[in-house]
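Got some structures for you, see below.
Shared between the two complexes below is subunit A, which pairs with subunit B and subunit C, respectively.
== the complex of A and B ==
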């Protein structure tokens, strides 16, 4: 396990939240209610946005991957212009951010990070895991990726180059992982089912 | 160490700095308040009341001690509060009165 010392996110994770609200939750409730009372926002908007957040999950990204595996023309469009290809599948890349899909090959493996904050392709993967936002991942991914991958149980052979892609507010990335051997006769549903969020971030490979 | 290193690297520009800690690979879903906080900032951005850049700047200028000690969404709500105060959209009294009302509602002493 990790040997975080102070300022660890573990401390926050251990607090159970079926208890009374803490300082920050009270602040959140207060700010929200003040803004509603001042008619700057509506309660309904918050509710709807929570539904939008809940609707985004790695399932969306897996649909892009599975289709790219089966349809070469779509794959080319996806790699050339991720925003347009996502729109084809009914996924809106909001915020006007550029969305680029990076293809893994037999000799090149991609990893995604945001060293400055937590930029992540939320539109296709949902919310990022805590570790993606952690200082340990953000610091170490760019200069010791193989050691980081090993902590995820992922070993990339030395014959394969690893490219780390640093995301920004205006540029989000997703990995198009290698299609695993043995999946040649899979249906699109079966292919979608084997694509994992971690593979689309590049910290895991897809295996059957 | 010369102070210019502080200038060359903002507190959040940490890539490749010294870190030997393992990555804490745990999964947890957001607490309800965190999800509401995320939704709140999205709505504020949509209305251009606090846009994403302002929120980001707020979390980056929170100071190294808070940056280290507050969790991800704790930083967001503090940042949003600061930006709203700076813009004069809410007042310190608004916050004082409402947090008192909310904490009384839950039987919590702040």
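== the complex of A and C ==
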């Protein structure tokens, strides 16, 4: 270590939990502790499940999209049964939900929302962005989707139909976006790299 | 062997039905904006555990028919600003769908 240690340790804020827990936090802790105490679940299982959740990211969704763009038979299987097509690619849908892929075309654009809470295809996209869980997005995505899209910089002409999918219980949607022009000679790795999270939610298009 | 299904689905794909206009207290997976609206059955999604009863530990895992339904945005919102073809799709459990 250098003697010339001139940076201040105080520039990194210490991570503390000095705020009092709220009602729902106390409720969650209490239920968790009771379930562990009654030996219905183990602390180890909770830790493992959090690890599974944290291991998921939009990289997995990108793999499905790129494969579907290159392989027509896979695309058909993905659209017909998302769970088994994802599992074929080594991606387990661990939460017993119906993973459903919505295919965009030149005349149809999809956008996903969960107006009741924050249902999201976590198995293939990881945790949802904060704006996806915000009341503003949840209310406005169903009421004025075109205005919301515009704010994301996504202008969809009125000649293209917009379909909003509100997931309320068991369905988990992911959009299969349009493959951009100019990507005809891309390798699968190059295709995976251009697919974005927002395009798989349906609030953005993919451009090169 | 003949298999008799004692609990066939009530609604068929393509049929118009109405989402119940009711406001029970509890855990419901039907947003208020769709209640009372006429929707089209797009797809029978199969049978799934009913989260409404499950939330209270009442049903011991019983499953209900569950449908994907659609409604044009212009029928859903009087002030809708967009294309006539714009559509909303949402999933609803059978007890919330009334024959018209």
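Note that the second predicted complex is superposed on the first by the 158 of 208 C-alpha atoms of A that agree within 3 Å, B and C clash if a C-alpha of one lies under 4 Å from a C-alpha of the other, contacts with A are read in each partner's own complex, and residues count from 1 in each chain.
Simple rule for what comes next: a residue touches a chain if its C-beta (ideal position, glycine included) is under 8 Å from a C-beta of that chain, and two chains touch if they have at least 3 such contacts.
Only a predicted model underlies this, so the values are computations on that prediction, with no experimental measurement involved.
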{"item": "Contacts of A:162 with subunit B and subunit C, given as first, second, both or neither", "value": "second"}
{"item": "Touching partner for A:181 - first (subunit B), second (subunit C), both, neither", "value": "neither"}
{"item": "Partner contacting more residues of subunit A (subunit B vs subunit C)", "value": "B"}
{"item": "Touched partner set for A:171, first subunit B, second subunit C, both or neither", "value": "second"}
{"item": "First, second, both or neither for A:146, with subunit B first and subunit C second", "value": "second"}
{"item": "Partner chain(s) touched by A:115 [first = subunit B, second = subunit C, both, neither]", "value": "both"}
{"item": "Set intersection of subunit A contacts, subunit C complex versus subunit B complex", "value": "115-116, 142-143, 166, 169"}
{"item": "Subunit A contact footprint on subunit B (complex, rising order)", "value": "12-19, 21-28, 30-33, 35-40, 42-44, 46-47, 49, 52-53, 56, 59-60, 68-74, 77-78, 80-81, 84, 89-90, 94-95, 98-99, 101-103, 106-108, 110"}
{"item": "For the subunit A and subunit C complex, residues of the former touching the latter", "value": "98, 115-116, 142-147, 158-171"}
{"item": "Subunit B-facing residues of subunit A, complex", "value": "1-10, 12-13, 17, 20-21, 23-35, 38, 40-41, 45-46, 49-50, 52-53, 95, 115-118, 127, 129-131, 133-140, 142-143, 148, 151-152, 166, 169"}
{"item": "Touch list for subunit C against partner subunit A, complex", "value": "29-31, 33, 45, 48, 51, 66, 68, 73, 76-77, 80-83, 85-93"}
